[in-house]
Amino acid sequence: MAPIDEYVADDMKTKFSSLLLDGVNIFGGKLYSLPNSGQTLRLVYNKDLFDKAGIANPPQSLQEMVDDAKKITAAGKSEGAYGFALNFKNPKSAFDRSMREILSLSGYQGLGYDLKTAQFDFKPYSQVVEYFKQMWDDGSVLPGAETLDIDPMRAQFAAGKIGMYLSFATEPGVYKDQFPTTINWGAALAPTLEGKQVGTSEIVSAGTWLGISDKSKHKDAAWKFMEYMYQDDILTAYHEQGFGISVVPSIAEKAKNPDIPGMEGFLVGEHDSIWPVSPSVTPEGANYADAFFKYMLSGGDVSKIVTDLNTRYNDALAKAVEKGDVKTQPNPSFDPSKLGS
Amino acid sequence: MTRWTRLRENSLLLLPSVILTVALGIYPLIWVLRYMFYDYPGYGAETFVGLDNFRRLLRDAAFWESVRNTFVFAGGKLLITVPLSLLLAVILNGRLRGRHFLRAVFFMPTVISTAVIAVVFYLIFNSYNGMVNQLLMKYHLIGSPFEWLGPKHAMLTVILAAAWGAVGNYMLLFLAGLQSIPHDLYEAASIDGAGPAQRFWRITVPMLGPVMQIIIMLAIIASLKGYESIMVMTEGGPIGKTEVMYLYLYKLLFPVATSGAVVDQQFGYGSAVGFTTAVIVGIITAAYYAMSRKMNKVF
Amino acid sequence: MNEQTAAMGKPVPHKRRDGAASGLAGARLAAVAGRTVLWLFLLIVAALTLFPILMTVTGSLMTNSELMGGGHILPSDLQFQNYAEAWRQSNFARFTWNSVYMSVAATIGTLLVAAAAAYVVDRRSFPGKTLYIGLQASTMFISVGAVVLRPQFDLMVKLHLNSSLWGVILILISAHASTFFILLGFFKAIPRELDESAMLDGSGFIRTFYRIILPLLAPGLGVSGLFAFRHAWNEYILPLVFTLTDPHLQTLTVGLANLRYGSSAAMQLNLMMAGACLSILPMLIVYMLANKSFMQVTAGSVKG
């Protein structure tokens, strides 16, 4: 791809300023693309089941989530409804759509990486897992959740068997076309460790949309096209017609809600932002999701698990850096609460 | 016929078999024997790493867990399959009305693909909408859904599925063995006053010895190698509870169905694992063969 | 006493003359009780054997809400359209065609290759015969697992066969060791003098084969052909890995297992059941028509 720094005018730059991040659309100091849409992550909940259990609002802290799940299960068990579920058949997929927003909103990077030290540290991750484990031990999780794939889980939610789960902004589309449902459901910001929002809920798959090929012989013409597509009108229409949630603040503020019921809960707000990129490495042995899911089901010494994960992930990270596959840079002044401003 | 014509004919007839066997049977084994000393991600560079893959194997708790699971699975499957199929064969060997029909019934599961059996068992043993749970709850045999495929019971369920598909096959092998025992032996024995139990233990079992030895060996090998049905039913089970050796190996290299991509294909390590599993199976087979030698003696 | 004897072996002429009336009656009671237990046992095992298949068939004929809604044993109305739905919706036509194509080709190929080799091994002598037999036997027992799929796949790519099912077919044919041994057994039963004398009389090789050997080999071919067909039809892992990038080449087993991950499995259990039945049906029909042969060969392989 070709850098576009020389093309982007200043006013365009301000429109996207909060979304231009190293490793996302800036590489080696040069800008290569501009953001358009992204996926936000939310707590998806069944309002009917909440009413039945006498809960007024979705949980704001993890402890509330555990308590709510217990109440919903008690109220709904006789009809096969339980408080919580996730697609635990694939633990990584389940955790990457739930832990991520909980952690990022609580001020920690959503995949176990510590941006300040440029090393992996799964301690905060394990703290959230404890709450998940509590729900499992309480019996608040749908029986058989460990064999649920994402679509069967959605089918159960659509059938009113699940009180809440966490996922991407793909869900409203699913309940419109694939699994039409009659339940009342909504989306809310994920609960946090302390009940307070210390960081921002991560927006994923965002930061890039169109770019110019390095090999293009008509870079100027290509830019004209890009400029046209990135106009407010186009971006707004993209959002309103449900092609993707706009992450650009000026668009998100003014655009009307997309025509998909439930999407309003997923729109980018003041608590959402893109996070700096973290390296992706493959450790020897079980990945964090498998290790923590195993802990959820069969217990163990969680501090040992954390130490073991940290060792293996940081070993793999060191190897990747040595090979040149990955570059890391500690950022001691990283402050999650300053993201998105 | 000249010597050359004969040679040409022989070669022509034998060649396809030899070429196919060597190219697709022997060559892959040699490939594995080479790559187990390398680090090869499936594309790009291959680096010679000597015994590193084996050192890693020794550290790999998940692999040894899978070896343990394999023994549990094989043991459970054999414990159900062998006695049951022997018993059925003995019963259906005699003049029982409808025995041909019954034999056909018991043999039927073996014509169905193990993958399809696994899909069916998955559908009916599902915790949240499977037919078995629904029926059990309807007749109040259980209060809440029984987790057939949950961490505590998944191994049991996969053993049941495997045994279901295998009993008919071994029943038939035993039947063949039984039918080769001369009837006069039984006649003479019952004239001498031997009851059915005595006839069974004193005639049937010893005479069946050599055949039983082979059948059990085939059964042992098959149950150690089988992983297709487990893959489709539980993909290795919740938190690896039903992951057997050959499934662990498969997952190192290829995705399960098309629903997941393998993050990190490691053909070098995979070759080392494959080699080791083959050795383990070989050791067990040899040990069994040695221990069962006396079955060969027919008295 | 007679019935019990009958259950364990050939019926024996009743030679016992002991037993007062009460003793005989007691023995009779025991016999009847024993018989009942036996039959009970057989019926239970038969029920357990048929249970999953019956569940699948009845499930395939229900509506989805009946199926998911708990505990119905029999459908209230027979929903035959489920089969049409599953066929249409999930591309079953394609899967079935692929399975048929692959299985037929693999069966014919296996029979040809194995029969030719068995003939040479039985009738002719050549250097390395023991080595060859040992090689075939070893391929049946040594298994290093899924790793071999990679070098096999590489070979097929080099031969440009990976974009059709022929890669899979060749690999299936290469596993002809068991067919080879079965046919070897059948060849041993055809007297050599027959073809030798025919060839001495001036009949060419092809003609001899066609007129003399083939008719005698036919039952063996039929029976091992059935087994080869079953093996190819029910194969899962091989076509799975080879069709990862070519979904239009998927066979019935692969297609059905994949459905499990799609949304139809989640929402339409009854269609999944219908799909499973569609996969099982062809083999079941073949089985019902030919079951004696299946059982004969399994038995024969033990003796050999």
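We just call them A, B and C in the order they show up, numbering each chain from 1.
Going forward, a contact is a pair of C-beta atoms (placed from the backbone, for glycine too) under 8 Å apart; a residue touches a chain by one contact, two chains touch by 3 or more.
Heads up on the chains, UniProt names are A = Extracellular solute-binding protein; B = Sugar ABC transporter permease; C = Carbohydrate ABC transporter permease.
The structure displayed is predicted, hence computed values, not measured ones.
Enquirer: Would you identify the chain whose C-alpha centroid lies closest to the centroid of all protein C-alpha atoms displayed?
Expert: Ranked by how close its C-alpha centre lies to the overall one, first comes B.
Enquirer: With respect to inter-chain C-beta contacts, which pair, A-B or B-C, contains the greater number?
Expert: By the number of C-beta pairs in contact, the winner is B-C.
Enquirer: Can you compute the centre-to-centre distance for subunit A and subunit C, using the mean CA position of each chain? Integer Å is fine.
Expert: Taking the average C-alpha coordinate of subunit A and of subunit C, the gap between them is 48 Å.
Enquirer: Round to the nearest whole Å and give the separation of the Cα centres of subunit A and subunit B.
Expert: 43
Enquirer: State, to the nearest whole Å, the distance from the C-alpha centre of subunit B to the C-alpha centre of subunit C.
Expert: 15
Enquirer: Quick one: which residues in subunit A touch 2 or more of the other chains?
Expert: Expected reply: 149.
Enquirer: Where does subunit B touch two or more other chains at once, residue-wise?
Expert: Residue numbers touching two or more other chains: 259.
Enquirer: Could you pull out the residues of subunit C that touch at least 2 other chains?
Expert: Correct list: 261, 265.
Enquirer: Under the definition above, what is the set of subunit C residues touching subunit B in their complex?
Expert: Residues of subunit C touching subunit B: 4-12, 15, 38, 41-42, 45-46, 48-50, 52-53, 55-56, 59, 67-68, 70-71, 73, 112-114, 116-117, 119-121, 124, 126, 132, 135-136, 139, 141-152, 155, 170-171, 173-177, 180, 199, 205, 230, 233-237, 240-241, 244, 247, 253-254, 256-258, 260-261, 265, 269, 272-273, 276, 279-280, 283-284, 286-287, 291, 294-295, 298-303.
Enquirer: Spell out the residues on subunit A that touch subunit B in their complex, using ranges where they run on.
Expert: 77, 80, 88-90, 142-144, 146-149, 156, 161, 282, 284-287, 290, 293-294, 297-298
Enquirer: Quick one: in the complex, what on subunit B touches subunit C?
Expert: Touching subunit C from subunit B are residues 1, 6, 9-10, 12-14, 16-18, 20-21, 23-29, 31-32, 42, 84, 88, 90-91, 93-96, 102-109, 111-124, 129, 131-132, 134-135, 137-139, 164, 167-169, 172-173, 175-177, 179-180, 183, 186-187, 190-191, 196, 199-200, 211, 214-215, 221, 225, 228, 231-232, 245-246, 249-250, 253-255, 257-259, 267, 270-271, 273-275, 277-278, 281-282, 285.
Enquirer: Tell me, which parts of subunit B touch subunit A in their complex?
Expert: 56, 59-62, 126-128, 144-145, 147, 149-151, 234-235, 238-240, 259-260, 263-264
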